[in-house]
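These notes concern the structure reproduced below.
Labels run A, B, C and D following the written order; every chain starts at residue 1.
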Amino acid sequence: MKTWREECGVFAIWNNPEASRLTYLGLYALQHRGQESAGIVSLNDGTHLHHKGQGLVADVFTETDLDRLKGFAAVGHNRYSTTGENLLTNAQPLTAQLKDGPVAVAHNGNIVNAGELRERLKKEGAIFQGSNDTECLLHLLARHNGVDFMAGLQASVKNLVGAFSFCILTHDKLIAIRDPYGFRPLVMGRIGNSVVFASETCAFDLIGATFVREIEPGEMFWIDKNGEHSVKYADKKISEHARCIFEYVYFSRPDSVVFNHSVYEVRKQMGRWLARETKVDADIVIPVPDSGVPASIGYAAESGIPLELGIIRNHYVGRTFIEPRSAIRSFGVKVKLNPQSAVLAGKRVVVIDDSIVRGTTSRKIIGLIRQAGAKEIHLRIAAPPTVGPCYYGVDTPTRGELIASHMSVPEIQKFVEADSLSYLSLEGLYHAVGESQGFCSACFDNKYPTPLFGAD
Amino acid sequence: MKTWREECGVFAIWNNPEASRLTYLGLYALQHRGQESAGIVSLNDGTHLHHKGQGLVADVFTETDLDRLKGFAAVGHNRYSTTGENLLTNAQPLTAQLKDGPVAVAHNGNIVNAGELRERLKKEGAIFQGSNDTECLLHLLARHNGVDFMAGLQASVKNLVGAFSFCILTHDKLIAIRDPYGFRPLVMGRIGNSVVFASETCAFDLIGATFVREIEPGEMFWIDKNGEHSVKYADKKISEHARCIFEYVYFSRPDSVVFNHSVYEVRKQMGRWLARETKVDADIVIPVPDSGVPASIGYAAESGIPLELGIIRNHYVGRTFIEPRSAIRSFGVKVKLNPQSAVLAGKRVVVIDDSIVRGTTSRKIIGLIRQAGAKEIHLRIAAPPTVGPCYYGVDTPTRGELIASHMSVPEIQKFVEADSLSYLSLEGLYHAVGESQGFCSACFDNKYPTPLFGAD
Amino acid sequence: MKTWREECGVFAIWNNPEASRLTYLGLYALQHRGQESAGIVSLNDGTHLHHKGQGLVADVFTETDLDRLKGFAAVGHNRYSTTGENLLTNAQPLTAQLKDGPVAVAHNGNIVNAGELRERLKKEGAIFQGSNDTECLLHLLARHNGVDFMAGLQASVKNLVGAFSFCILTHDKLIAIRDPYGFRPLVMGRIGNSVVFASETCAFDLIGATFVREIEPGEMFWIDKNGEHSVKYADKKISEHARCIFEYVYFSRPDSVVFNHSVYEVRKQMGRWLARETKVDADIVIPVPDSGVPASIGYAAESGIPLELGIIRNHYVGRTFIEPRSAIRSFGVKVKLNPQSAVLAGKRVVVIDDSIVRGTTSRKIIGLIRQAGAKEIHLRIAAPPTVGPCYYGVDTPTRGELIASHMSVPEIQKFVEADSLSYLSLEGLYHAVGESQGFCSACFDNKYPTPLFGAD
Amino acid sequence: MKTWREECGVFAIWNNPEASRLTYLGLYALQHRGQESAGIVSLNDGTHLHHKGQGLVADVFTETDLDRLKGFAAVGHNRYSTTGENLLTNAQPLTAQLKDGPVAVAHNGNIVNAGELRERLKKEGAIFQGSNDTECLLHLLARHNGVDFMAGLQASVKNLVGAFSFCILTHDKLIAIRDPYGFRPLVMGRIGNSVVFASETCAFDLIGATFVREIEPGEMFWIDKNGEHSVKYADKKISEHARCIFEYVYFSRPDSVVFNHSVYEVRKQMGRWLARETKVDADIVIPVPDSGVPASIGYAAESGIPLELGIIRNHYVGRTFIEPRSAIRSFGVKVKLNPQSAVLAGKRVVVIDDSIVRGTTSRKIIGLIRQAGAKEIHLRIAAPPTVGPCYYGVDTPTRGELIASHMSVPEIQKFVEADSLSYLSLEGLYHAVGESQGFCSACFDNKYPTPLFGAD
């Protein structure tokens, strides 16, 4: 069930006559990572052209907009909403005029020491347009005088603590940077003679590009008229990497390859491990659509209990919806999900979901399933309990709002009114991924890989 | 794969203070039956209030619109597009001022003798606003003077040949009519003291209404201040009924109960019968999402071949989309569907779809699956070949455009470039439904239950 | 001061490759006659294409719309709002499919026996789409079978009582009709080989057409492939004509020639006669802009008192406006009109307006002028007191709302708080026009030229 | 005739519960100074809320927007368009986060040394968001550390050369600044206990505020919790002031008091002096509406030649307009202005306009007047020939585009095809204003009061 606010998607391309159109398509494929605003900056004869707007990619850009965004290179960004205030000021790619010329930055992640950096920079005379953490990078960059741009950029990035996968377009080069922990994904591909970067490989699939490799944690990769260059500006051991394990649980599209594993396959394995760990006697396995489907397939296959689509999702649900005035039981959930009694009546049902956030939605879903006639309802979550908020680029609820941060599993079971409730263990999750280290699972174990600068 | 233009959805309610809001919700749940225009007429103190517009229900109506549509009864309609010209003139519910007062008609179906009726009525002095077949009913009705309204309506309806499930709102009653063949579904339900009618039961689920029964073929049911009334204005034997079997194949939402069977269960059975009839040695079964999913579950269960989501659907696809200028292979399909090589590479794959229309989309899908590395591709269609167009309310291509009308199955297999191709037999389809008579399957067998008045 | 709701504007053209574009321009020039909806129907290869919408002409039509409206003939209409309900249903040109083919009607005026006709037609089986009086003509027309179209049209028109200037487009001809009284203007012009009709000559000026003559009261003029034809279907003596004298007072654009007189010149003469009849000792003459300007020029010239722009109109006033919450004195008027103390302070001021409707606006204007420092304020109205509502196509307030219907001139003077108040006499108005008969001045003298069918 | 691109309008208010609504109204009244974008920033509990958008004030702000802009102080801005690119980035008020908190700047004018300042600031590490000259002030401000905010502001402003009337809102004060030359107007008023600033007094009229005085050239005035303060940060003799004389000729609304004179009265005097200097024997005087009307009144009064509205302006002209494909003579002008032959035919006509820019529009107007039958056409311009572009906040054509920069008056007369042409002398203009020094008339005499930093 969709309950998490998503993060961001970035895309960039170098050396293509359709740079802005392919960036549009890349953002389109990455729409699931951010639906509130979108923007593209193209590079045309050494100057930048840009267009940003609120809403879905398909709504923000018209044919005319894309025609105006001429040039052989472009960088684009999808973003989730911040508060209503300042929406467009914070929209990305962020752009600025520096002494070396125009710079455009698309950022996926969150810089945890941004507050400190802002205070320091303001004292030094910097003025901030928005409330965005990304703006710090531009100010740091502007302060490196008398050195080569790439040297200044490298020095600037070293000041940043936190999660960042950057695509940066200047007047003469395109740069991709991943933070030393590698929190967020960033991949490189090729299409003809063009180089492309994206948050996920599904963007490459749409435009027919070939996946080449990940940008490594701590790597700075750039392309200019002299070719392709790579620098490891920060080295960490694999065990110090902190790739976001939640990308597998919820964020990434199932058809992407993230951190070198197929998201769909990992999710199916999560279902299999969930079945191994939390087996129950039941008649059918049903997913909470759509995010619970791959894990359900794995659970059904492992447990031998047949898979059914016991809940049908309404795909015509729009962004706005007029509510009835009268109380219709669990109306908000019903608009999206319809449990069908033809499938559920009289059955012992295993319900597979990806996570429980506040517990209220899960309670409503359980209620609707029971109302549809299910005899027993066994809720199975294909991930461990989420106990900690994310400070690395995901707009999670506060710790206090996360039900698992202050309730035990039996308490949650009572709250959501399921007949039984089990979560996948953290070990099970690592088994499903097939690696045992190099991930951030702070949302499950409260082990934050970086200092938090008072954020919590 | 979505390839058929849909028909229409109707909803009506009597005796509810939130009549127009619940109609809005009903139309929302029926959005899959028509996405081009929507309209609601409410009855307030003997007069009609209405609002119609182009687009999705959620876009057509604002809170203000619904507030204006006061009253205790309402009728609503979702419609697919006709040609660009006259769009709003043809939008439904159709409204008119007759001598007895205002009449509003919402119609699902198509009247095959409309052309003849229009010519006759024009000669008698009728003026037509639009090109809509439904307008004939209003003119017939207006010509019955000196008789009671319901008698006039009954006499008028007897002139109509074809498919019609009507919801009609006057100044003092709400009427539901189904044609003698029962082509299109129409169900009755209750919520509190209110009576509701809808094309499908999924509309009842959303508003929390209870399904009571179908309006019978040839039945005229109405509610007024004196209570509920029913007349069988035309009698046919069960074997003469002509319920649209394609409602199971494609149109209806899987979570609806249509013609007294769960659509989801029928589709799953179609998959089981397909497996029985067309078994093949393979590694995985994959649906073409979303319409092929229930049949795939049935196929996988019956065949023992594991189900996989080998093709991921992008649910953010908007109504408009800017194409790249360069040729990207099968781009149009790729925007919606992404076959993933992580699942498909090296596999022998059974692909389940609901139908093949022109064959071009199927060919593209097969191509993308092969490009993703599948070793063998066995296309299985969970319905018989579609050889005839529909004249009963579905916007099908012409006969000549239907690939199965002029190509044999082996020829189609070559065209779509599958390694094998099989369809479900018509008998298999009837087995899946669980009834052996009373359906129109003209699109599969060219046996049209009514004269076509030169339409073909 | 703009206080009257306007009526409608019609435009039509025959034999021009840019028929719909020139119709667009004609409607643009006639925008002052109706701002709530606009529509164009073009004739292309015997069929009609149409586009209607709510709002100003420039907002209703896009380049794409006009490109779609192909053909060598077109008819267009500007309309004022009726109630919110049914807006688009009543938008004109009204269109229908009759036995002879498509018919489109643009109507300026109001048929006073429409209620009776509707009841009779409904009893005969007619169905009405909207609440519009124009629809009667279509139904009457549809009932004339077995006769030639033009004979049927002539017979139909004879049933209508009231005001009508029609432009009618069929599949093969364009027809212009004016009612026997000649209430509303309708003029013919030429541009190249094309014939054009319009409500006012200002539409001809914009497209560069030459004014030829008025369509006469009781005349039916049409063009088809055989040429131009005219029939006098009803004869009245000049003294029985009832041309709307209020067209000079308020409705028509000053740069139009209406009923063969320049509107601007008549208005200036109204100012001159007003000065002769109501002279007062004063320092300056100021118009209430913009409608009072021509009369002020005449008044100043005749009286020798200098003209000043004592009130400045804000031309950026939009259709919507957000009011302050706090009470700002006479705010509603102030948004549009700003009396300037630099001109008014210490002066004895003659204020010229075209009419007083309810009196409340005049009171506010007088108040603002006094607040700006005027020593004496002499309100002069360049028309007689409006005592009767219009039933011939103008959306006037009811009789009870017209202040002059129930207050004497001294009472009105007190109400509006002017130091003196005088109106132009009816004789003065006729002098200004320069004709002594053949006008309807019912709004000034309650002498309605036709039976009112219980309307009052 | 409207031919000049306008500049900007500013408005600000302190200590009013309806701060943002009154700012909206103030901007509404100042709409003539800029129609391309509008913005408001309010101060609420020490933080800033803002909303900006493209278009007219009435289109940019909804009721909801204004409700969100809470607080007791606000600053607003109307702006003309820059290039299509970066429109919103350059929209004002400009906002930034400095070390002291949020700052919002609304600027009317143009800083001529902005290019130099930007280069210097970039070298010092400043990053620029837009291409706006106003951004320099923010960067200068941010660089003043360790001093009091007002001291830093004063020091910053001293770096600026050119025209600036600023309204600046911080977290605790509202500041109004006028450049030492006083190029652009800026006035202070009071409404209840609130202080208001505006570009012109017409904004005070609308909200019912009382005009108090001008902010003086070189004055910095501010309000905070300690009351009102004023500093003369730069002193110039009256003779060194450079108030824009073109405000009287074209920019300001006639009902404003600018630089302590009524604009309307000055314009009327310009007409009187024009008559004295350029008398001609003629039958009528006609203005080019609307800007030529006050001068025409003066000209007619002085010359004794009667005033007529020989050209009628169409006030329904929208922002967009679809052109005919065929060539209609002088179509572009005709859409706005219709010369009427009823007034002009056979007459010797004096035509009064405010200026001639490129000459092409004047030629079209003269052509239309002649086509309407005028016997002689004497064009009189109520200002001297415009020979120099403006670098102080007006978007004028380049010098080369100004017809008077490269043609003599007789040559212009031939070009525009008038029978005679005369301009008001610069002395006449000063006589009309009633002052003989302290103005910038560089557009008439090329005497620029400041260095231009290579701009010309």
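Please note the rule applied: a residue touches a chain if its C-beta (ideal position, glycine included) is under 8 Å from a C-beta of that chain, and two chains touch if they have at least 3 such contacts.
What you see is a predicted model, and the numbers here were worked out from it, not measured in a lab.
Chemist: Comparing each of C-D, A-B or B-C with A-D, which pair has over half of its contact pairs in common by residue number?
Modeler: B-C
Chemist: If you average the CA atoms of chain A and of chain B, how far apart do the two points sit, in angstrom?
Modeler: So the centre of chain A lies 37 Å away from the centre of chain B.
Chemist: Averaging only over C-alpha atoms, locate the centres of chain B and chain C and give their separation in whole Å.
Modeler: The computed centroid separation for chain B versus chain C comes out at 49 Å.
Chemist: How many angstrom between the C-alpha centroids of chain C and chain A?
Modeler: That gives a centre separation of 61 Å.
Chemist: Name the residues of chain B that each touch 2 or more other chains.
Modeler: none
Chemist: Based on which chains are in contact, what kind of graph results: line, ring, star, complete or other?
Modeler: Its topology is that of a ring.
Chemist: Touching chain B in the complex: which residues of chain A?
Modeler: So the residues of chain A touching chain B come out as 18, 21-22, 24-25, 28-29, 31-32, 35, 56, 58-59, 61-63, 66, 202, 205-208, 253-255, 257, 262, 264-265, 290, 293-294, 297, 301, 306-309, 312, 314-316, 318-322, 324-326, 328-329, 334-335, 338, 340, 342-343.
Chemist: Under the definition above, what is the set of chain A residues touching chain D in their complex?
Modeler: For this pair, the touching residues of chain A are 49-50, 68, 84-86, 88-89, 95-99, 103, 118-119, 122-129, 131, 138-139, 141-143, 145.
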